[in-house]
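Each of the next two complexes has subunit A plus one more chain, namely subunit B in the first and subunit C in the second.
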Partner chain A sequence: MRTYPKDYPIVQIRNLHKLFPVGRGQNLHAIDGVDFDLRPGKTLALVGESGSGKSTVARCIVRLIEPSSGDVVLHGNSILPLTSLQMARQYRQLQMVFQDPNASLNPRMTVRKVLEEPLKLHLDMSAGTRASRLRELIEMVGLTAAHLDRYPHELSGGQRQRVGIARALAINPEVVLLDEPTASLDVSVRGQILDLLKRLQSELNLAFLFISHDLQVVRHVADEVAVMYLGRIVEQGPTEEIFRHPRHPYTQALISAAPVAQWGVERHRVRLAGEISTPVDPPAACRLAGRCPIEQPVCSRRDMPLQEIGPDHRVACPFAVQALLDRKTG
Partner chain B sequence: MSDPILQVENFSGGFLSKTGEMTRILHDVSYTLERGRITAVVGETGSGKSVTALSVLGLQAPTFRRLSGRILFDGTDLTAIGPKELRALRGSRISMVFQDARAALNPVFSIGQQLADTYRLHHGGSRRAAMAQAVDALRRVHIPEPERRARQYPHEFSGGMAQRAMIAMAALICTPELLILDEPTTGLDVTTQAEIMDLVLDLARARNLTVCLITHDLGVVAETCDHVVVMNRGVVAETGPTERIFTAPRDAYTKRLLGASQLAEAAE
Partner chain C sequence: MPTTPTDIHSPDPVPPRRRVLAFLSSRRTRSRAPLSLSMRLGAALLLFYLGIALLSLVWTPHDPNLPGAGPSYAPPSLAFPLGTDRLGTDLLSRLMAGTRYDLGICIAAVVLSFSIGTVLGTIAGYFGGATDAAIMRMVEIFQAFPALLFAMLIVQAVGAGVVNVIAVLAFVGMPDYLRLARGEVRARRDWQYAEAARLVGNSSWGIAFKHLLPNSLGPLLAFTSINAAFAVLVIASLGFLGIGLSPDAPEWGNMIARGQDGIMTGQWWVSLFPGIAILGMTGAFYMLGDALSDLFDPRRRG
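So, the complex of A and B:
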């Protein structure tokens, strides 16, 4: 396990943009200026609803999708100028776990083959070392050597996701991007996978980017939360702060819409008007303009940048910030 | 006072493989839906919650075999009547909403057309009157610009919008006594999910519908349902009023399921 100074930013995302041309000179702004850092041993959760751009962010970091502009910095060096051969070497440190283990595991490969592949690609190991590494890996994720000779269809959903995790960790990465790793799992299995991820994170000092639309899961695993809406981060802060005192109207609507599996919990729903607007060439305006319960005329006239409102807590809404100041002074 | 609309009694069944082997998946399942109530049937993958509900409508997979038990709807044993009688019940007295609305809708007909056709099937009348009913139903499930939307096709609807249209069809175009919803909000965003459940609740209360909500999401259950049936591996683990199930679960599986669903709360 490598050690770093406290708060060492192993990955830095700076002003990331991704545009997809949609014809007639128009562009879909999937990511519209996103900044954040990932730190060893810490989990940053990226939350938001479908179409908010959170998966695109992960794909841009590993360059499965090429960002349009901005920077992705790993250990202080930009990885965007790297050739695909140089990039392949970066995957030693940067791995990904996907949502649907059915789709991300090759159905014609045994678990052994699946796990062997990254070892052969990235590490120069003798057959003997590799065999013991495979056993170590499969046990690390709570399976047994007997599972190595099975095919994905012979495993349960939870077991398949464990294999997906083992594959990502095979070559000892430092950063793992998890794209909805528990979305396809039953709740009882979900808990086991989350516990496994937390254990592995603390044992291996891994930096996690955890993408999820499941707020309960996020509250359980994340140290920090970034809320995305239409390609932008509208609020970012420490997990409990975001859940207890959400400031941006969108964060409030999102958190207040998530049902809680407890009796007698009163929710004060913050409701948004209408439907999500289009990400195709959005105007310079707050992304929530037209739906927001505290909207002011200025909101549809200019962009709303993130503003610092507390320790590591940023909100892209001047009126939420103002309301907070009023309460403090009044 | 008990006024059951649906009684599942000692219902057992399984899937028949090609080689003639029987895998039992439902073991003496019994539960009752009381008229006017919203009952949740909860369980994880493979618990048998959906198969049981599909059997109510005779929509179970062709390899499913009932081994014993019966399903009484308003006193009639649904397992004993023929396909024709069952078809007469479907839509007119019992209707169902499925998980993926866009897959459940026909891609080659406009939304309005599908609603209007269903309306004429059940209530007759002219095409024009049926289309007016379709547009009205879309309006009542809060679809903006219902006239324009009625001319659109399923692929032009978002997931949440399509589910609203399905609910319009199942609860407004059809005027059932019992509405079965099989994971109606799974795969939808939380804000959309909350709106869909609000809509279901409003419709159920306004029309005194009996609702059976099949779900794995205990959060939705805590807020919307009167009564809960917990299923696990083809067995009914526990049934009871929602408050009792959540505050004083008796069965070990129910306790485990609640614990797993309350991740964050348990961590505090």
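So, the complex of A and C:
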């Protein structure tokens, strides 16, 4: 396990954009200028509803999709200019766990073959070392050596995701992107997988990007939360700060929409008007313009950049603080 | 410090014998369905042909190439169970030797067109773009001609002979495999396990051939049977027209052609038996192919 100075950013995402042409010269702005850092031993959660672009961010970082502009920096070096062969070597440090373990495991490969592949492709290991590494890996994720000779369909959903995690960790990466790793799992298994991830993170000092739409899960695992809406981060800050004092109207709506499993707790819902607007060639305006309960005339006339409003807490809404106060009193 | 997760429970492992069959169908658990009648019948018939072909290497009742083994146009009898032809060669012996030709050429051609077509199709399907366009335009040119006509033209051009016939058949059959493989691989290109394979460190070739192709083989394997049935018909047609192999070769199409004169004068057996042999072999391949494509077609799965 390598050690780094405190707050050393292993991965830096700078002004990332991804446009998908949708014909007639129009573009879908899936990611519209996103910045964040990933740090060893820390989890940044990217939350937002479907279509907000959070999975696209992860795919751009590992270059399964090519970003349109911006930069992805790993250990101080941009990885965007690398050829696919050079990129394959970067995957030693940069790994990903996929959302659906049914779809991300090759149905014709046993667990052993799945886990052997990264070892063979990246590391020059003797057969003996590899066998002991396989055992170590499978036990690390809470399975047994007996599972090595099973096919994916012979495993339960939770076991499959454990295999997916073991595959990502096989070659000791430092950064792991988790794309909704628990979304397709039963609630009963979800907690186990989350605990496993937290344990592995502290043991291996991993930097996590945790993509999820499940706020309870995020609150459980994240150190820092970034809220995405229509391709932009609208609010970012320490997890408890975001959950206790959400500032952006969208964050407030999102958090107040989550059900509370407790009688007698009065819920103050922040409601947005209408539906999510289109990400095709959005105007230079706040993305929430037209839906926002505290909208001002200026909101639909210019972009709203992220502004620092507290320690590590940034919000893309100049009226947010005021709005919060207004609500409390009114 | 392994934890003790409670989700370690899973169905019984599939027994080894099932595993082989299951490997052919992409969902392993499905192989528990009983094999269909047409599958059994087709397989049995093919095994019978294969047995005859092997037997003919070591034993035939008479020399299949010896004229005058019996009288000219002897009707079926105990000495010559299927009769003799105009030259007095024993038809049963010729028919047995012919199995070797028809089955052998057919299998060689199918293996060849399967390999070439699958490899090119995988490349076209995975890489797409200009590569795909180039390969597909080439295939379209070949396929613009009816296959049998095309085969006849090439055989005429390159000359008769076993190797040439195999090559021509492989050439004519290849585009279908190519299209099938291209479609299957293309459909899987964006699946998550293809993305996962890239992150594990595979090159594009590794993803295409190690991950996508093995998962695309089902329909391709099913198609080999149908392709083989067609190949048998083309071999026999070329033989009948006298342009495939040398006219003396004991090939079924040749034999039918040789018996043509006898049909009007009552020597029906000379053409009938090779005809039945061809019918049986194509039928066996079709039955097998039908059963296999049922097995691989997700829409027809129970």
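One rule holds for everything that comes next: the second predicted complex is superposed on the first by the 320 of 330 C-alpha atoms of A that agree within 3 Å, B and C clash if a C-alpha of one lies under 4 Å from a C-alpha of the other, contacts with A are read in each partner's own complex, and residues count from 1 in each chain.
Heads up, the rule we're going with is that a contact is a pair of C-beta atoms (placed from the backbone, for glycine too) under 8 Å apart; a residue touches a chain by one contact, two chains touch by 3 or more.
Predicted model, so just to flag it, every value in this text is computed and none were measured.
Chemist: Touch check for A:M140: first (subunit B), second (subunit C), both, or neither?
Modeler: second
Chemist: Quick one: classify A:A273 as touching subunit B (first), subunit C (second), both or neither.
Modeler: So A:A273 meets neither subunit B nor subunit C here.
Chemist: Quick check for you: in the superposed arrangement, does A:L215 touch first (subunit B), second (subunit C), both or neither?
Modeler: Touch partner of A:L215: subunit B, not subunit C.
Chemist: Of the two partner chains, subunit B (first) and subunit C (second), which one does A:V298 touch, if any: first, second, both, or neither?
Modeler: A:V298: touches no partner chain.
Chemist: In the superposed arrangement, does A:P259 touch subunit B (first), subunit C (second), both or neither?
Modeler: The answer is first: A:P259 touches subunit B but not subunit C.
Chemist: For A:L194, is the partner it touches subunit B (first), subunit C (second), both, or none of the two (neither)?
Modeler: Touch partner of A:L194: subunit B, not subunit C.
Chemist: As a test of reading the superposition: which chain, subunit B or subunit C, is in touch with more residues of subunit A?
Modeler: Per-residue touch count on subunit A favours C.
Chemist: What is the shared patch of subunit A, the residues that subunit B and subunit C both contact?
Modeler: Shared contact residues on subunit A: 157, 188.
Chemist: Residue numbers of subunit A touching subunit B in their complex, please.
Modeler: Against subunit B, the touching part of subunit A is residues 49-50, 157, 186-188, 190-191, 194, 213, 215-217, 219-220, 253-254, 257-265, 267, 269, 272, 274-275.
Chemist: For a test of understanding, state which residues of subunit A touch subunit C in their complex under the given definition.
Modeler: 59, 62, 64, 84-85, 88-89, 91-92, 95-96, 98-100, 103-108, 117-118, 121-122, 139-140, 142-144, 147, 150-151, 153-159, 162, 164, 167-168, 171, 188-189, 192, 195-196, 199
Chemist: If you look only at subunit B, which of its residues touch subunit A in the complex?
Modeler: 44-45, 144, 158, 161, 189-194, 197, 216-223, 242-243, 246-247, 256-265, 267
Chemist: Contact residues on subunit C for subunit A in the complex?
Modeler: Interface residues on subunit C, with respect to subunit A: 2-11, 13-14, 23, 26-29, 191-193, 195-204, 206, 211, 214-215.
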